[in-house]
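In the two assemblies presented below, subunit A is common to both, partnered first by subunit B and then by subunit C.
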Partner chain A sequence: MRLLYTQVGTLARRAMLKTLRQPFQLFPIVFFPLILLAVNASGLKAATRLPGFPTHSYISFAIAVAFIQGGMFSLINTGTNLAEDIESGFFNRLALTPLRRVALIAGLLVGVGGLGVLQSGVYMLMGLVAGAHLHAGFGGVPVILVLGSLTAVGFGALGCAAALQTGSGEAVQGLFPLFFVFIFLSSSNLPRNLLKTGWFHTVANVNPISYLIEGFRGLYIYGWDGTALWRAFAVAAGLTLVALVAVAGAMRTRLQRT
Partner chain B sequence: MSPMSEPRENGIEVEGLVRDFKGGVRAVDGIDLRVPGGEIYGFLGPNGAGKSTTVLMLTTLLPPTAGSARVAGLDVVRQGAAVRRALGASLQESALDPYLTGREHMRLQSALHGIERAEGERRGAELLERVGLTEAADRKVGGYSGGMKRRLDLGLALVHGPQLLFLDEPTTGLDPQSRAALWDEVRRLAGEGVTVFLTTQYLEEADVLADRVGIIDRGRIVAEGTPAELKASIGRPSVEAAPADPGERERLAAALARFGEPAAAAPGAVAVRLPEGVGDLAEIVRTLDGEALAIADLRLHQPTLDDVFLAKTGRSLEGAGDDGEEPGRDERETDGADGAARLGEASA
Partner chain C sequence: MSGPPPGAPAGAAAASSAPASPPHGGLLRVARAIAWRSLHTYVRRPDLFVPSLVFPLVFLASFAGGLSALGDIPGFSFPAGYTAFQFVFVLCQSAMFAGLFTGFTLAFDFESGFARRLMLAAEDRRGIALGYAAVALTRAVITLAVVSGVALAAGMRITGDGVDVFGLYGLAALLVLVGFGWAAGVAFRFRSIQAGPLMQTPVFLILFLAPVYVPLGLLKGWIHAVASVNPATAFLEAGRGLIGGVHQHTALAFACALALIALFGVWMLTGLRRAERAS
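Presenting the complex of A and B:
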């Protein structure tokens, strides 16, 4: 068991170092969601005057989306890094050690979780600087960090599954637009009760990303909204679970060592 | 799997090993091997001959379709984890993380093998020194040269002190100096009792480094023995001469015919295959001088491993891989019930 912990810790550290030492991976994680937030906040600020809009601060409303976008970058970065390992033969190097399958994936995802905490911290800090108000107060900070980390792990695991299935970094990157569409088909820009277009309202209602966003958003604009929070954690946990099942299947195919 | 006799502690024994891939491609077609402990065994063949697929099976990364193999006395199918603990491997690519330093690679490898931190640090430093990378140990591997990467790769394969080492084309793409340095290290390891299974497509590498050589072509071993035995098995040396005056070619041929039977020669030249035991150029030179033949070029040609390959397969080793590629990634899916694999990096 001690060896398992050592292996997981070692691989988690490597996963974090690998991302932190690649500026071209860090840049989109940190800046892309913030740039999009700035663009949306300036363009859609008038939405706060709509009757029924829950806050006067569009920044406080929209900051939630940054955490989801950060999670999606985790998908791309984790998947691409693992695919690179497969393509370069590093994966075979790992397979030649006494490393257990579970340690390989756990190590990667613990690293992703750690990065998830870091990126969530950055989004909160930048939001604070831009004027977002965290209604839940100081107690909301660890909840956001945990939810942000779990979101990153769920998306990161999906990236791992794609990498193991295809062994190709390009294939993993091809998933990004697909998942990004889910953000736009959610309550990312307006609360669901203000989405008047019939089909859009229906799609946003069944889109799990809406509930994930609303978990973060609730902490910012309402404080402690239990329903929004449990739904968000359920979506993040469900995403992680589904992704782990996919990872386990893909791993059996990819790693056929005797 | 049939039981095999006398498994050696750090040897390799293979019987009827087969590996099929999707689409009916048979990459390895029933090979038999015995490599005693402490030997450097050169596995020579062109691209796509089945070398890397064999290594992947022997290192437990790819299940065989049929046949059996024991590495360090352990069955590669039923005792995979124990086999992995016993062997070290440097596979075809320098599989390194460009964002980690050499020392960090050593730490990672030690930790994954369950080596205590202090011991891992000590062994890592010792191995970095051994492969000449102490000064570069704290630089990211992305900035290493090809030779440095290969040396680090070799050092990493030795972290857990294996007595059996698989090196898959370890010098491909290296400059002559780096190649020679790696050969020295391989010899040193063999001197310490480590069994080395080395795949290569370089004739010279197999010739100068290996105690014994197995030549593989299209998944089958076509010849095996010491380099000297293999070369002796296919024949005698030949002597080739080119006259200074092309008009003297017939007279030159008549003079050389006294020393052996005619053999293929370069355009404008004449060659004869010498009888066994005849290899002294002095007598030939005296004869040609006595005939007043002016010679532009005269050379004695000893048989090479390429000649062995040519004799056994009808093709020259150089360029022989064009029609025998091992399957690519997408063709590595199983078509059988044994759950055979797709494997990330298995091309030879």
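Presenting the complex of A and C:
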């Protein structure tokens, strides 16, 4: 068991350093969600004047989206890194060592979880600077860090599954717009009760991303909203579970080829 | 449409026919050959045309559908409705991105080595720029037709008259050339698809730093200050004025678009000279 921890720890460290040392991977994680937040929070500030809008601070409402966007960048970065390892033959060489197979992916995902904590901390800090108010108080900080990390792991595992399935970094990159559509078709810009267009309201209601966003958002604008929180954790955990099943299947096929 | 067979080296075909003809004839021949080849590739490859259609449709669905409640904000007045209000943004964005995506194609052609061979074969290399500009405009026609069709099917109202609508699409055509001029200048300088973010990011930012969701008057703080001097604001306000039949900054928008075309035309042609020296 101790050997497994060492293997996972080594691969997790490598996964984190690989992202932290590449500015072109780090830049989108940190700045893209913040730029979008700045633009949307200013452009949509007038929405707080709508009857039924839950807060007077649009930035407190919108900051939740940054955590989801960060998770989606985890998908791209983790998937691309793993695909690069597959393309370069590094993954095959690793698979031929006595390294336990579970450590191959667990190491990557622990690294993603660590990065998820870091990126969530950065979003919280920048949100605080920009005027977002965390209604849940100091106790909400660790909850956001854990939820942010779990979200990153869930999306990261999806990236791993795609990389193992296709073995191509380009194919993984192609998934980004697809997942971005899920954010657009959710309650990212307005609360669900203010989505007036019938079909859009229906899509947002069945889109799990809406519930993930509302978990983060609840901590910012309502404080401790149990329903929003358990739904968000359920979505993040469900996403992770589904992705891990996909990883296991793709891993089996990939290692058979090896 | 006449031209060389699919997949044939267009520039070579152009160059092989009458090299002693007048320069403008060579320019048009090269442009036509490039336009034929690129359009042929575009319509035969779903991985190229699907993203250029999906993005505007997602924006239209997300903004016009998801944010329709913004039409009820006190002080928001747009008689044609929120779908038409957002359609103009999507139209401008699609037009500029049609130009950008063509810049990607040019960069990719450099990276694959095709554009370098084209530089050697073309009678008049300005024809390369002209040919890709024609591609950008034709791509935009396809995208804008689909987006307009979907918006009308979704119940968008147009309260402007025929001349106004003609003006709206005329403005969109100019924006295609603005986007293409910028992207082609970058592509000629870097000659690599790695420069894609450099083409895309400034245009994306300029578009989103304009009054996208609500009119300029309802923006507050720094975004109002930025949007007030952003040329994209003139494009959006003019477009919304044209679709609604109430002219607003129309002359300013056309003047800005023409000025940007002239500016990016110089940027593109100086980039072409650099690419010539590097070939």
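General remarks:
Methods note: the second predicted complex is superposed on the first by the 256 of 258 C-alpha atoms of A that agree within 3 Å, B and C clash if a C-alpha of one lies under 4 Å from a C-alpha of the other, contacts with A are read in each partner's own complex, and residues count from 1 in each chain.
Here is the rule we go by: contacts are C-beta pairs under 8 Å (C-beta built on N, C-alpha and C of every residue); 3 or more make two chains touch, one makes a residue touch a chain.
Quick caveat, the model's predicted, so the values are computed rather than measured.
Between subunit B and subunit C, B contacts the larger number of subunit A residues. Contact with subunit C, but none with subunit B, is seen for A:35 once the two complexes are overlaid on the shared chain. In the superposition on chain A, A:194 makes contact with subunit C only, not with subunit B. By the document's definition of touching, of the two partners only subunit B reaches A:18; subunit C does not. Of the two partner chains, subunit C is the only one that A:177 touches; subunit B does not reach it.
Once the two complexes are laid over each other on the shared chain, residue contacts for A:6 go to subunit B alone; subunit C is not touched.
When the two structures are aligned on the shared chain, A:44 is found in touch with subunit C, with no touch to subunit B. No residue of subunit A lies in contact with both subunit B in one complex and subunit C in the other. On subunit A, the positions that touch subunit B within their shared complex are 3, 6-7, 9-11, 14, 17-18, 21-22, 85-99, 167, 253-254, 256-258. The residues of subunit C lying in touch with subunit A in their complex are 51, 54-55, 58-59, 61-62, 64-70, 72-74, 76, 205, 208-209, 211-214, 218-223.
Taken together, the subunit B residues at the contact with subunit A in this complex read 59-63, 76-78, 80-81, 83-85, 87, 89, 91-97, 99-100, 104, 107-109, 111-114, 140, 156, 329, 339-345. By the touch rule above, subunit A contacts subunit C in their complex via residues 35, 39, 42-47, 49-51, 177, 181, 184-185, 189-190, 194-197, 199-200, 204.
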